[in-house]
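Each of the two complexes below includes subunit A, the first together with subunit B, the second together with subunit C.
So, the complex of A and B:
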């Protein structure tokens, strides 16, 4: 003991520091490798969006699951009547084409350009009438005043918060499905999701939530994006799960550490 | 070793009385005593003691600094009217200052005690629980004297009325606690909602009535009675909403698996179920439009809307009560009458309040017979 003291003791936090350095290095390497693997070149941009081009794209990329005339197969639902709004949402959030069959289509980088997606939307819309992509005017949240934002918040709490969390942080559903978080989502995609009810999300048609109210909900979600949590560090806004974990590890851990320090005999 | 301590030592010996073989054993556990005293570095090296002293002083100075920071933060980072973000920095710096001033005193004091104050071990023997004989005799005397002087035993009328008064004293609390139950007839409040024959189903919170055409397949409507939207907070808006909330969905007719005698309760595939979980009353509103499952976020009870909201998973024991609906001559969805059974979690004698005339029990009797 005495000899060790002379040669210089290892700092008590040295092993913890080493562990953290190791974890950070391993995590960083995995993220770097993952992003390289996902970086596929985007397909060349088409300039004109026509139903004919959309049909060609559909046949090449979607028909294997949704059927050659979008009539549906056991692996994919019929797309007749889903409208251009549904195509824009599914394709431009990267949910379609689906990476693999699972409880829920996962979000990834969009595999098509906006023009290609619009072309496919035009093709699907030409099959049967369905919800159209919302106009610029419907998405213009700058006209929503503070009262509108508050109204949007109330509508969000009544219609959306039970699945998407009151702070839009997302939440779990049954059997591996989940409601995704709603942070920094494009206004058009929020609107289209309400209008078309992708996957297990219910449809909120214009009789249920009017276009003006949809715009207010979007304005509220943008308000959440732009305004930091008043309570400070929000721990992901996941409520008692993350807060409880934090207080058990750091709160109780701190108390245990202080207790050990208090009762130890100094050198 | 004092006489008291030697008596204490003897008590450790187990004496086995003579039953043929006399064995006298000493207690197997021996007091290991204290470890040898080890001087601290601060005891051995005066310069280390000086350094520890400076550390303590710095903690106390840090505490003073914390108090100053807290006052300065309160003045310099005020909460601005209408700027919620200012609350964050006000609280943050105020909290950091107060924490530093408290922790500085605590940590400084502990460091002082650990490093500089005397650290000689000492033993304080635990005294016996039983008092000494003279003390016990004296206590009995005091009680007897008190009894004699007050006449507690002699004046039995006073004693008995006192006991009566003390016994009655907690009763007002019981009466007050009783009022924690809903005002009026508690059972009536629990067993009826605002829904009545002809109540229009309306959007929450605007109160816009809903037409059957509006409810497209895959939609989920969060519904209140149209009359509720006109109520004010003081008239019990929230109480009534907590009872009357309903979820309205339309199922494709081929997915709807209705019991024939309940077919009259739905309208063209549109069904309405109470949103209050039959487990402990959370709002069940996580509707999955492809599986038609309704999930309760509190304890993951899952109800199958295609099968009269029967429980398919979780701790709930009963299906969600169904609101019988139809349309009026203007095409708006209306209730046929109130729920036929009490909504929400079970309570004693719940089955007594099921409307025998109108209720149509589900054939899956297993869930219905449980209260």
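So, the complex of A and C:
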């Protein structure tokens, strides 16, 4: 019996090997198909974003959740009237297409080029009027003076800090949702977020916070990016919690190590 | 080389003689100079607290030169751009000036704040050491109470200091205090108006807290520290058991000259560590928070770590409210206040509670190893757990964001851990301590496992157990035996309810005890093994 097993046709690891080969093949194929699906409608050297190309991209990548005509399904909201600003924000921060259904779409590397995103934005904008992508001039923070930065900081503390933390470090919301950190975020995306209120964020329209004020808020956030904490490492700008952890672990921990060393007996 | 020739008096001897003739200081020096400090690292934690307090005093004095404790409105004209021209209180403006426009000011502010965090942390660890080694037993119960008052004072100092810069963070802290005070039925609103001089936040609270922070509280603290040290000298140090260490002596190093030198250099090490941290790590970047304004609250608004347990208690309290005769009772505030109050009282008076339960009137100068008093160690561990859960709850939002959890679920989990956890921790700690005691017994009686495997002529394998040396065995066998207090009638021949309760409690305290190894057992074991 034992001898027969040894000389059997199949190696004991054969089934495992077969399984691995099968999984690799299936996974590889799915990756290949996925990338083809993404790459297929990408028109090379195309500068003019058109609604027709956007529609094709939308059908291939978004329609499964948002509906074939962007009218929405139980799995995804209607996109009629959300405007090109919304598309640019969601797609170019990598939140859409969503990695998985969860409390909130997570940020990741964008899955499309700017041209592709603009094409989809043009398609969505063609369905119904909605907020447009901000212009270069609206995002030009170089015209904001010191007073403007101070005003932006004040507006940020009043309107944004509740969820995003005064230093833009982010914070928790209900039911597993959260306000993301605001460090090193593209000006356009900050502007669009205020304009369109993505996910759980409220809309700050132009009556609420004027375009000039939006620009000042962006200028303040960029000021924070460009001017690291004057006091040294900022421990994530999370406030007293990280400070407390630090003093217990490294401060008191280090000093306890010193006390052990001071009272150690020579061997 | 001793010679009989009379030496000419040196300058030092003349000076000290001059001093002694006028102050009789030599008696004190000879007494204090021979004060013995045992050589164990855990005995230096109180020193860490003391030295960080000195650092706090030094840096705090610097800060008072430039801080303006006033809530008068000014427009900021300093060099931090995002606040230029913003209306704020003079207190906040001067705190910003210390940070940006006064040379060395930011370093001093950070030293002051980091040292404060270290101060309270060192007190906490020092208290844990005293608790778990039973060093609070007679005759040191009063010093435990004084030490605990120091802990409370340190928290009060911390909180008043946290509130002084009048930035958004400190204002939010005061808003919570205001809410808690107003949650007290009937008198709450009156107390709040009294404290804040009218409507919250008013214009009085910063100058008032400033007086408390730099005058009253430090004065009481210093007096209490003095008392704490005097009692420490009077009672002498405890020490861990060891050869030559008994309940009637202290083995260690005298203050003069070795310990003084060591302690002096240790002060500079502590100062150095604080300075290093302060020079490299930001603490409380008040410029981010902006001036206090009652409307905004930043995400991640937390108190400093030592107030965290109170914040956490508020976060974990169920949102209950009831109305009696038109009076609103906010149980979400009253309940945590009651629980925290009870917790603090229990910790403060624990030495007396334990002494009453055990009926132990002996003096104790040998520090117990935590395992040798399993019930106390388990009570302590359960208390630490209870505190730690409340502490963790103060950062429930950050736990949720950083571990991608639902903040509600985090709160529910912490609530369950707060209520059920202490019982589990108590049981687990007690079993572990008893297990360790049994292991100690085993090692004493049958030796330790040497790792040396022998084959017997019959073919069986045994591991050779080596007896522990005389020196090490001291640590294992010298602890005191306790007996439960028996129910006995008093002089009138009656058994009172108090006696019964006490007997029940001491039975609970000691029922699972492991007795120390006796001489007889040791002898018998020797005969068995060899």
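Throughout what follows, the second predicted complex is superposed on the first by the 220 of 267 C-alpha atoms of A that agree within 3 Å, B and C clash if a C-alpha of one lies under 4 Å from a C-alpha of the other, contacts with A are read in each partner's own complex, and residues count from 1 in each chain.
The working rule: a residue touches a chain if its C-beta (ideal position, glycine included) is under 8 Å from a C-beta of that chain, and two chains touch if they have at least 3 such contacts.
None of these values were measured; they are calculated from a predicted model.
With subunit A as the common reference for superposition, the partners subunit B and subunit C occupy clashing space. Once the two complexes are overlaid on the shared chain, A:158 sits against subunit B and subunit C alike. A count of residues in subunit A touched by subunit B and by subunit C gives the higher number to C.
When the shared chain is aligned, subunit C comes close enough to touch A:241, but subunit B does not.
Of the two partner chains placed by superposition, subunit B and subunit C are both touched by A:232.
Once chain A of one complex is fitted onto chain A of the other, the partner contacts of A:199 are limited to subunit B, with no touch recorded for subunit C.
By the touch criterion defined above, A:207 reaches subunit B but does not reach subunit C.
In the superposition on chain A, A:147 contacts subunit C only, with no contact to subunit B. When the two complexes are overlaid on their common chain A, residue A:27 makes contact with neither subunit B nor subunit C.
In the overlay built on the shared chain, the residue A:171 is in contact with subunit B and with subunit C.
Contact with subunit C, but none with subunit B, is seen for A:256 once the two complexes are overlaid on the shared chain.
For subunit C, the stretch among 20-28, 110-118, 182-190 or 362-370 that collides with subunit B in the superposed model is 182-190. Applying the stated touch rule to the two superposed structures, the overlap between the subunit B and subunit C interfaces on subunit A comprises residues 154, 158, 162-163, 171, 173-174, 179, 230-232, 262, 265. Every residue of subunit A that touches subunit B in the complex is listed here, in rising order: 154, 158-159, 162-163, 171, 173-174, 177, 179, 197, 199-205, 207-208, 227-228, 230-232, 261-262, 265-267. Taken together, the subunit A residues at the contact with subunit C in this complex read 103, 146-147, 149-150, 152-154, 157-158, 161-167, 169-176, 178-179, 220, 223, 229-235, 237-241, 243-248, 250-252, 254-256, 258-260, 262-263, 265.
Remark: subunit C residues 39-45, 48, 81-86, 99-100, 106, 110, 114, 117-118, 121-122, 125, 168-169, 262, 266, 269-270, 273-274, 277, 279-285, 287-290, 293, 295-306, 308, 394-398, 400-401, 404-409 touch subunit A in the complex.
Of all the residues in subunit B, the ones that touch subunit A in their complex are 38, 40-42, 84-85, 87-88, 91-92, 110, 114-115, 119, 203-205, 210-211, 213-214, 216-222, 249, 283, 285-291, 293, 295, 297, 300, 302, 313.
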